[in-house]
Amino acid sequence: MIKVSVVGAKGRMGRHVVDAVNGAADMQLALALDAGDDLTRITPENTDVAVEFTVPSVTLDNVLTLIAQGVDVVVGTTGWTDERLDQVREALAKAPREGQKAFIAPNFAISAVLADYFSTQAAKYFESVEVIELHHPNKVDAPSGTAIHTAQGIAAARKAAGLPAVPDATETDGGSRGQSVDGIQVHAVRLRGLNAHEEVLFGNAGEQLTIRADSFDRGSFMPGVLLAARKLASDAPAGLTVGLANFLDL
Amino acid sequence: MIKVSVVGAKGRMGRHVVDAVNGAADMQLALALDAGDDLTRITPENTDVAVEFTVPSVTLDNVLTLIAQGVDVVVGTTGWTDERLDQVREALAKAPREGQKAFIAPNFAISAVLADYFSTQAAKYFESVEVIELHHPNKVDAPSGTAIHTAQGIAAARKAAGLPAVPDATETDGGSRGQSVDGIQVHAVRLRGLNAHEEVLFGNAGEQLTIRADSFDRGSFMPGVLLAARKLASDAPAGLTVGLANFLDL
Amino acid sequence: MIKVSVVGAKGRMGRHVVDAVNGAADMQLALALDAGDDLTRITPENTDVAVEFTVPSVTLDNVLTLIAQGVDVVVGTTGWTDERLDQVREALAKAPREGQKAFIAPNFAISAVLADYFSTQAAKYFESVEVIELHHPNKVDAPSGTAIHTAQGIAAARKAAGLPAVPDATETDGGSRGQSVDGIQVHAVRLRGLNAHEEVLFGNAGEQLTIRADSFDRGSFMPGVLLAARKLASDAPAGLTVGLANFLDL
Amino acid sequence: MIKVSVVGAKGRMGRHVVDAVNGAADMQLALALDAGDDLTRITPENTDVAVEFTVPSVTLDNVLTLIAQGVDVVVGTTGWTDERLDQVREALAKAPREGQKAFIAPNFAISAVLADYFSTQAAKYFESVEVIELHHPNKVDAPSGTAIHTAQGIAAARKAAGLPAVPDATETDGGSRGQSVDGIQVHAVRLRGLNAHEEVLFGNAGEQLTIRADSFDRGSFMPGVLLAARKLASDAPAGLTVGLANFLDL
């Protein structure tokens, strides 16, 4: 049994993590802590893996505390910069327990991670490609970070393969062609009823390949969270791993 | 048997019309004329309906000539303005034969016409709506005239029903949200392998309605052209009709 | 303000109705009753419209009781037969209050109702058509009642228009072609993560029309429930109305 | 410049190959032969790669002749059995030129090959999966060979990962649930206007991954044919290779 503690257990995501851990046959819930609780109650004796889903303003402190406690940690909070990731790497290098591990991911939905990965793989085989992301209308930024990441990956793969720019004869446009991210057009749709969705369209003469990921609700992150926890508890490498694709056998 | 003459018979669309007429059990091909041919060879004696698919620069003259000949005409050439349509109406009013008819449509694909019509019907029942049009990358204008028409129809229907603006919390965007047409966001995708496609997405809390029309090739216009020819040869009203939706029993 | 009482208020759907009524600016929640509560507490004095979402075994009794109380009722419980509907009609005919109304619908999702309606309208314009319904894997019956209803409507519209059978050269099949409902092939997909979805595909040479309704969760029924309650409280005709399409201005 | 000869040059596919070779900057058309022509005119002196698109009844003889001529060959004709493939392998083993190569593929559409490959990769990460293939209504077999191949690959990947059967509570069905291929449900749609399409739907709680390949016309095979010819003319291994996925860097 993998002993899992949850930090941010009363938050929107944390509650889902508690339920997911309780529902997993190979896991048991250790401590469920939230704001105001003492994180040093989490120790290697009672916890194999801590899952941290809080807010950007406190996540770095939480993670550093957990590492100093000698506990491996899965982090789902967003807002990580390269500088902050380096602080985690340094903390892990001088952690109390040998081989300590941390895992941080911007997106735990397996479908989204696979769509992103497959899109990069497919990129060099198609003359045309565009990205459409679709989200609920309360989202404040457009396009989504995931869509930007996918477009950047596709652009890099096309460049590495020596592909020219995508064909586009558009002469007159009032903005309908979307935003260019490294030369790849990205479109953002906002629609009540949706949650988080991404569709990548590839085209050659006479053919199309479409890869689409739908995240209907927060529960869609749980398989990825449990997968990461299991990886940390078994064969994940020591140190920091960033991105769920590293834990999929692709 | 409906006797059909084709004007522009050697053009990209005209050739399809000739084939479609030849393949229709209730029609027979009368004259197949092209640039340089004398249109006055087309008369009520040899032709029930003329189908005109040429270019914007000559279509008005062709149509006026055919009307003066006493022949009913289906027009597929694009580029009609209100002023030019009025010239056709005037010509019909003083046409040699009583009850003469003309039909002009920007889009003969039945799927596209129905998608446009259903979108207008559905408009007032949804909080959110956006339009995505997808075309081959050789298209010079974006968004398509069809998408603009659809968005305008949706906007008018929402306004008539007293609906507020669509919800949209976007604060930061580099252009990915597309073009606003009367308050409806329109997105244009350009992809090798595609021809002409439109998708309208409607959303309420917990539900989505999607209406999509795909025109895979020019052959997709032929059922609409034959339908229009049959209508002119039977129960279409005298005078000018604009738009295929008028000939569908909706 | 429309005074709405909810019967089955603690059930899965009833809780959503209570929330929806509380969230509607033009409604106020009167009584929220559940199993064991006395339905005769609901009267014309405290209630304009009762919404009943219970189970097939008790819904008829509940509806007859509410009608005898002189209260108009919106019914979302399933399992209605023609015989049971007739019992409701008879009860309404001799109801205590003049012009009493009841409304029963198998599906309150506006997107599903529109998809069904548009499919019937589109049916006669296409050579081919098939229906795909997709649901969560806990559903015990296949295909869904909604898909059967849609296929029957399409088949009837094709027949009325004199269309021949859909083209199909299949000679060898191990069951992949799905189930024929009045000559229309219906396919049922069961997938974890889905809720209730229907897609109708229409095809002519060179073109396709796709109409798709997605119901992501139970909340998707609420706009339809509120719309029905408002109709009963205003201009719905006296007597029994079956099906939400009757309350849409189509 | 790669010198390419075409066998079956007047056939439906062969004509497309001739056009594609003529349009490729790095290729030149050598001989374009058809039924009745002498295949021994194709030699290593005038041809680097022969592309064979004929019919199942003559393809084996053609391929053996070309191998005996010392020419590498790309084969697009269908109907290959394990026994026939072995005959090709034997012929290559004793071919006149050292390192001779042959390539046979059931499907040259890159989108279809990638969809099949990605589906196998994704298989073990999802609780549910179903396959829908959609074709023109003149197709005589259902489901398509490609869909069967995809379902078998998914089933094998799930088995290798120790996944249980897909969840399915269906108790009552008149055939709508489709055909089980190694435990994976496969659905076949037949629709006028379509050519060859495949959609694979994967589902977990709260999320869906969709991978779709559209082949709109025969031209969709040409990028794959040219890619195979280039591979034979460069770094493909000696002997027989079966399947385009082997020539993609995946």
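For the reader, a short list of remarks on this structure follows.
By letter and in written order, the chains are A, B, C and D; residue numbering begins at 1 in each of them.
Assume a contact is a pair of C-beta atoms (placed from the backbone, for glycine too) under 8 Å apart; a residue touches a chain by one contact, two chains touch by 3 or more.
Note that the structure is predicted; figures quoted are calculated from it, not measured.
Of all residue numbers used at the contact between chain A and chain B, over half are used by both chains, marking a mostly same-residue interface. Counting C-beta pairs in contact, the pair that comes out ahead of the other among A-D and A-C is A-D.
Among the other chains, A has the CA centre that is most remote from the centre of chain B. Remark: chain A and chain D have CA centroids separated by 35 Å (rounded to whole angstrom).
Centre-to-centre, using mean CA coordinates, chain A is 45 Å away from chain B. Centre-to-centre separation of chain A and chain C, using mean CA positions: 39 Å. Residue positions of chain C touching 2 or more other chains: 126, 193, 202, 204-208, 214, 216, 220.
Chain contacts here are complete: no pair of chains fails to touch. Residues 193, 214, 216, 220 of chain A touch chain C in their complex.
Looking at the complex, you find that chain A touches chain B at residues 126-130, 132-134, 137-143, 147, 166-180, 185-194, 201-208.
The touching residues of chain C, when paired with chain B in their complex, are 109-112, 114-115, 118, 121-122, 124-126, 202, 204-223, 248-250.
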